[in-house]
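Note that subunit A is present in both complexes that follow, paired respectively with subunit B and with subunit C.
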Partner chain A sequence: MKRGLPGWAQRLRVTLWTLIVPPATWAVHFLFAYLWAAINCAKVGRFATFPTLFVAGTVAALLVILASGWIAWQQSRVPGDPAPHEESTDIDRLRFLAKSTLLLSGLSFVAVIFTALPVVFIGDCR
Partner chain B sequence: MSLHAQDDPELRAAQEARLREVWKPPQGLFLRWTDTNNDRVGVWYTLTAFGFMLFAGVLALIMRTQLAVPDNDLVSANSFNQLFTLHGSMMMFLFAVPMFEAVSILILPQLLGARDLPFPRLSAFGYWSFLLGGVFVAGSIFFNEAPDGGWFMYPPLTTRTDLSGLGADIWMLGLSFIEVSSVAAAVELIVGVLKCRPPGMRLNLMPLYAWYILVVAVMILFAFPPLIAGDLLFEMERLLNWPFFDSSRGGDPLLWQHLFWIFGHPEVYIIFLPSIALFAMLVPTFARRHLLGYPWIVLAAVGTAFLSFGLWVHHMFTTGLPKISLAFFSAASEAVVIPTGVQIFVFIATLWAGRVTWSTPLLYATGSLAIFVIGGLTGVMVAVAPFDWQAHDTYFVVAHLHYVLIGGTLMPLFAGLYYYWPLITGKKLSDRLGRIAFWMLFAGANITFFPMHFSGLEGMPRRVFTYPAELGIGGLNLVSTLGAYLFAAGVAVVCLDLALSPRRRPGARNPWGAGTLEWLEDPADDAHWGVRCVPLISSRYPIWDQKDFVKKVDEGRFFLPDAEEGRRETIITTVLDARPLSVVRLGTPSFKPMLTAVALGGVFILTTFHLYWAALVCAFATLFMVLWWLWTGTAEIPEKECKPIGHGMKLPLYISGAAAPGWWAMFITMMADATAFSGLVFGYYFFWTRHADFPPEGMDAAPGAFWPMVALAVALVSWALTVAARQLNAAGAVGVARAALAAGAAFSAYGVYAGLAGPWLSGMDPEAHVYPAIVWTLAVWTAAHSGVAVIMQGYALARSIAGRMTPKYDADVRNITVYMHFFALTALVTYATIGLFPGVS
Partner chain C sequence: MRQAAVSVGLLAFLSGCNRHQSALATFGAEAEGIRTITIALVVGAVFIIAIMVGIYWRAVRAPEGQLTHKQGMRLVLWLGGIGPTILLTVILIFALPAMRPRVTAPGDLTIHVEGEQFWWRVGYERPGGGVLVAANEVRVPVGRTVAFELTGRDVIHSFWIPGLAGKMDMIPGRTNSLVARADKPGRYRGVCTEFCGLSHALMAFDVIAMEPAAFYAWLADQSRPAAGARQGQGAQLFAANGCGGCHAIRGTEHDARIGPDLSRYGDRLTLGAGILPPTIERTADFIRAPQDAKPGVRMPAYPQLSHQEARAIAVYLKGLK
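Let's look at the complex of A and B:
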C-alpha cells in the first residue's frame, strides 16, 4: 500500500455514524430540494430555469457522498487478514463497515441524481 | 473461574440450579402475569397480535361477502365504513407492527446470546399497553362505534364532530396509546442490539436479523412521532376546537396528510423489513451456506430505511401540490426499488450457490417473494404520478397494497412461524398441513387480489360498500370473494396445525441444523435463563463454524455461567466491537409494568369519553407509578463493585454515562420526542407557506418577543445548572450539586409560567385562527417539557439525598442531563419560532 493520501483516509475513525453519512446526505439534499421547491412555489410562484442555489446544493451533496465513498473505498482495502474477511478482528470489522459505507455511497449518489432530475424537466410551479 | 473449573460436573449442576432458581417464572393464577422474562412476554405478545390478525381477517371476509354480488345489502354503508377502517387500522397497528416487536422480543435475546433484553419490564409494559389499547380499539365495533374514516382518517370528515362520532377519538387516542408501546419496543430493541451482544460479536458478525431490527427500530423513532404529533393536533381540534385542519379558520387538512404519511410510508417498510429479516435467517439454513453479500444486505436495510422517508407524498399525488414536488417524491419512490431489489437478489444468489433443502418454511419464503415482486412492480407503476392520477383511490391500489403486504409481511411471517415454532415449543409443525395451507394461501391471495387490478382499472373506487350491476365488475368481484374464502381456509389450516401441536411428540434440538445462536435453545430443558452462558463469538454462524460450540455453551465454559448473588444478569458490551463493559442486573417479575400500563391506558381511554377529571387522576397515577418503578428498580447501587464472569475477567456491576444502557434508552426516547416536536414545528412553517401573510394581519403582535425570550433564558439557565450539577457531583461536590439541581428545578418551574405567559398575556385565542392555535401548541409542548424537567431535577435531587446517587454511582444525573440537552434544544426552537419569526417574516 502506498503511503500518502490513502494513509490518512485509512486511519480515520469509523463508527455507525460514518456509515450513515452518505444516506444522511441524500436525506438532507432531499429535504433541501423539497423545501426549496415548496417555498419558491408558495412565496414566489416560480423558480429560475437554472436555479443556482439548487445546483449548488446538489453539487455539494454529491461531493460529500463522493468523499465519503472514496474514504470508504480506501478503508475497505486495508491489508491484513485473509479473505473472506468474516472474522472477529479489527480489520475485518473496519473492512465491513467501509464496504457497507461504499455501497451506501453508490446508492445515495444515484438517489441524489434521481432527486435532482425533475428540475431539469419541470420548469414551473403548476 | 478458569476453564478447568467447569470440568467439575457438581459445580455445573450447582450453577444450573442457581440459574434455574433465579430465572424461575412466577407461578399462580395472578402472579404468572407479572412475568417479565422475554420468553413468556414474547409469546403473549405474539399470540395477541396473531389473534388481532384473525379478528381483522374476519372483518375482511365480511367485506368480501358484502361485495360478492352487485347491490348487496348484507351490511349497511355505515357498518361497511367501520369494517374497512378497522380492518386496515388493526392489520397495521395491532398486527403488523406489534408482531415484529413481539417476534423480536421473543427471539432477539437468544440470537444475541443474551439472557434477556436490557429492560424486561419495559417489554412487559409495552405488551400490556398494546393489549389494553388493542382491545379498546377492536372492541369498539361491537358497540357500533368503530372508527369509520378509513385507516388514514383524513380531515375534515373525521375532525368535524357532526360528521364523525366517537370512533375518530377511539382511533386517535387508542392508537396513540399503542404508539407509546411501539416506541417503548424500539428503545428496548435498539439498546438490545447495540449493547447486549455477546463478546466477540462485532458489527460485522451480527446476525442479519439484528441488523434489520436495529434499522427498523430506528425507523420507528422517526416515523411514529410525526403521527403522534398529528394525533395531538387532531384531538385538539376535535376536543378543544383548535382549527388546525379547518380551512375556514386558516387551517389546512393537507397538514394531516403530510404528518400521517411521513409516518405511513416508512410504516410499510417498518413492517416489511423485519419480515424479510426472517428470510435472512432461514435462507442460509436451508441453503446450507453462509449468506452471500452480507454488506449488501446492510446496504439494502439502511438504504431502504433512509429512502422510505422520501416517499410520503406519493400518497398525495392527487392533492394539487406543484408537479415539481410530486416529481421529487416520484424519483425517490423509484430509487427505493434499488435496495429492495438488492436484497431479493442476495437471497436468490444464496439459494443458487447453496445445496437447497426444500422445507416448508423455505416454500413460504419463496412463494411470498413471488407475490411481493408483483406488488413491487405495481408499486413502480403507481409511483409514476400520471399513472397514479388514473389509479388513485381505485381497487388497483387495493390490489397493489395487498400484494405488498401479503407478500412482504404476512406470508414471510408464516415462513417464520414454521421455522421458529420448533424453537419455541420444541415441536415441528406438520409439513403436510403446512404445504396444503401454503398452496391455499398462495392461490387464495392471487385469486383475491389479481382481479382487483382489473376492477380498479375499470373504475371501481376503494371503500364503496356496493356497486351497480351495470358497471360490469360483478364477475371480478365474485372471483375476489371466492379467493378470499380460499385464503381464509388456508389460514384456518395453519391454525389447525398449531392447534394439533400440543399433541405431537417433542422433536430434536436445532431440528433444521441451523448455524445461528438462537438454536442453542434446548426444548427438552425447561430452563428460562435464555442461554446457559454468554458465548464468545468468532463467526457469523457459530454453531456451524466454532468447534464444540454447543457443548461448550451447555457446560458453561464461556462467560457468566453462574448466578452467585441470586440476581438476573446479562453482559453489556461496546457498540462497535462488543467488548465486555459491565454486567447489568435485570428487572425481575413485577406487577408495576402492568399497573403503569393500566394507569396510562386510563388517561387515553377516559379522555376519549371526555371524562377529563378521571383522566387527570389517571395521569397522576401514571406519574406516581413511573416514579415508583424507577425509584425501586433502576440505577441500583450494587453490593460490590465488580464480579468475575469467568476466564479471569472481572466486570463492574454499575456503569453510567454514554456506555450505559439507561443512558442510551434516554437518548433514544428523546430522539423520538424531538421528532414529534419537529412535526409540530413543521406545522408552524407549513402554515407559513400556505398563507400569503402568516402571522395574519392584526395577530402579528402576539405573542411578542419579550416573554418567549425570558422563557428561553430561563430554560437555558436550568439546562446549565443541570450540566453543572452533573460535573460537580462527579467531582465530589455533592452539596453544591444538590443546590444546583434545586435551583434548576426552580428555574424549570418558572419556565412553565414564562413559556405560557407569551400567548396567555397577549390574549391569543386558539379557537379563532390557526396561528394562535399553533403558537399555543408549541408553547404548551415546551412548557410541559419544562414541567417534566422539574420532576427530573427533583428526582435526581431526591436520589442524591436518599443516598441512591453518589459521585461514583451517578446514572440518574447523567440520564436527566440527556433530557435537559434535548429540552434546551426544544426551548431554543420553540421560543425563537414563536418569538422572533413573526418579526422576520
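Let's look at the complex of A and C:
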C-alpha cells in the first residue's frame, strides 16, 4: 500500500448501489445516444460535423465511469485480512465489491465508446 | 471411397458460386465494401484461431510452475481483456464506414420497388417527371448513385441484389431506403430474402446494369407503348378473358395495377419473377396453370383456355417490345 493515497476514496461507503454506478452510466449514455440521434434527426434532419452535445455527454459518461473505477481501484487495495479475501468480514466484502465495480467500470468504459463510435461514424438520418 | 465422399461434400459449397448472384462476385461499390469486410474478418479469424491453438498447444505441454500466479493473471488480462478490446475497436472502426449510406443528390435516379406475393413492382422516376411502371426486372445505370425506395404490399419481403449491396426489408406501410452504385455493366440477379409464403424461393428478379446513355435511352423507349399492343387474336383473347382486370399494357384500355405490368413483356429476360425462360410455350403454360410453376401464386389458373388460345395470348405478349 503506497503512502499518501487519498484516504477519502477508501473511506467511502460501499454498497451494491455503488456497484451498479458504471453499468447504470452506460445504460443512461445508451439512452442518451438514441434520444440525441432521434431529436437531432427530427429537428435538424442531419448530424453536425462535430456533434458537440453528444461528445460532451459521452465524455461526461466516461468521466463518471473513470471516477467510479478509480475509487473502486483504491478500495480494492485496502490492506487488511490475508488473501484469498473470501471471508465474510467487512474488509473482504469491501474488496470484493470494489473489485467487481472495477471490472464493471472497465466493461462500461468500453461499452460507452462502442455505443458512441457508430453515432459519430454513421451520422446519417436515413 | 472416402475421398469421393469428401469431394462430393466440398462440391456442395461450390453450388453457391456464380457471377450473377453472389455477394463475392460484386458489381457495385456497396457489395464491394461488404466483401472486403468479410474477407478481412475471415482471414483475421483464421489468424486468431491459429494463435490460440498455438498458445494452447504450448500451455498443455509446458511443465507445471512455468508461470507464477501473477504472470498467469497478467496473461489473462492482456489476452482475455485488453487485447480483444483493442482488436474489436479496430474492427468496429474498420467496418463502420460501410454502414454509412451513400449521399444522394437531387438529380439522382430513384427506383421504387414494392414486394408482393411473389413478384416485384418496379417504378422508375423519369428525369422529366412521372414514373415508369415495370415488373420483375431492375435496370440501373452504371457509375450513378441510385436510391431504391422499398416497401411491401402484403407481407414483409426483403430486397437483395447480392452483387450490388446489402439487403433491405420491404415492410408494408413503411418505406425503407437503400442507396447503391453499380460499377460494372452486366446481367445479374436479385432475390427475396424474407420468407413471404409458398413461393418465396421462387421470387427473384433480373438486374441489368447498363451504361448511363443506354439506360436513359431504354427508359425513354419503355415509356412509349409497344407496337402491336392492340392487334391480333391474342389481344382480343387477352381482353375477352379479363386479363386486363389485373394486368396493365400501355397503349391499351388495360391499366389495372393488381398484377405485374406487361407493357413490355417481350423485352423481359425471364418469366414468373426470375424463374423461367420467357418462351412462348412456357408463357402459355404459365397462363393456363400458374400454380404449377409457382405454388401459392395469386394469379388464377385458366384451364378453360385451350392450348391454342393460351399460345395466342403468349404470342401477343411476346410481341410487346
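Simple rule for what comes next: the second predicted complex is superposed on the first by the 121 of 126 C-alpha atoms of A that agree within 3 Å, B and C clash if a C-alpha of one lies under 4 Å from a C-alpha of the other, contacts with A are read in each partner's own complex, and residues count from 1 in each chain.
The definition used in the following text is that a residue touches a chain if its C-beta (ideal position, glycine included) is under 8 Å from a C-beta of that chain, and two chains touch if they have at least 3 such contacts.
Note that the coordinates shown come from a computational prediction; the quantities given were computed from them, not determined experimentally.
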If you count the residues of subunit A that each partner touches, which comes out higher, subunit B or subunit C? B
First (subunit B), second (subunit C), both or neither: which does A:117 touch? both
Go through the superposed model and pick first if A:126 touches only subunit B, second if only subunit C, both, or neither. both
Between subunit B (first) and subunit C (second), which does A:43 come into contact with in this model arrangement: first, second, both, or neither? first
Check subunit A for residues that touch subunit B in one structure and subunit C in the other, and list them. 110, 114, 117-118, 121-122, 124, 126
Residues of subunit A touching subunit C in the complex: 106, 110, 113-114, 117-118, 121-124, 126
Touching residues of subunit A toward subunit B in the complex: what are they? 15-16, 19-20, 23-24, 26-27, 30, 33-34, 37-39, 41-43, 47, 85-88, 90, 92-93, 95-97, 99-100, 103-104, 107-108, 110-111, 114-115, 117-119, 121-122, 124-126
Which stretch or stretches of subunit C touch subunit A in the complex? 81, 85, 88-89, 92-93, 96-97, 99-101, 177, 179
Under the definition above, what is the set of subunit B residues touching subunit A in their complex? 200-205, 290, 294-296, 298-299, 302-303, 305-307, 309-310, 322-325, 327-328, 330-332, 334-335, 338-339, 537-540, 575-577, 689-690
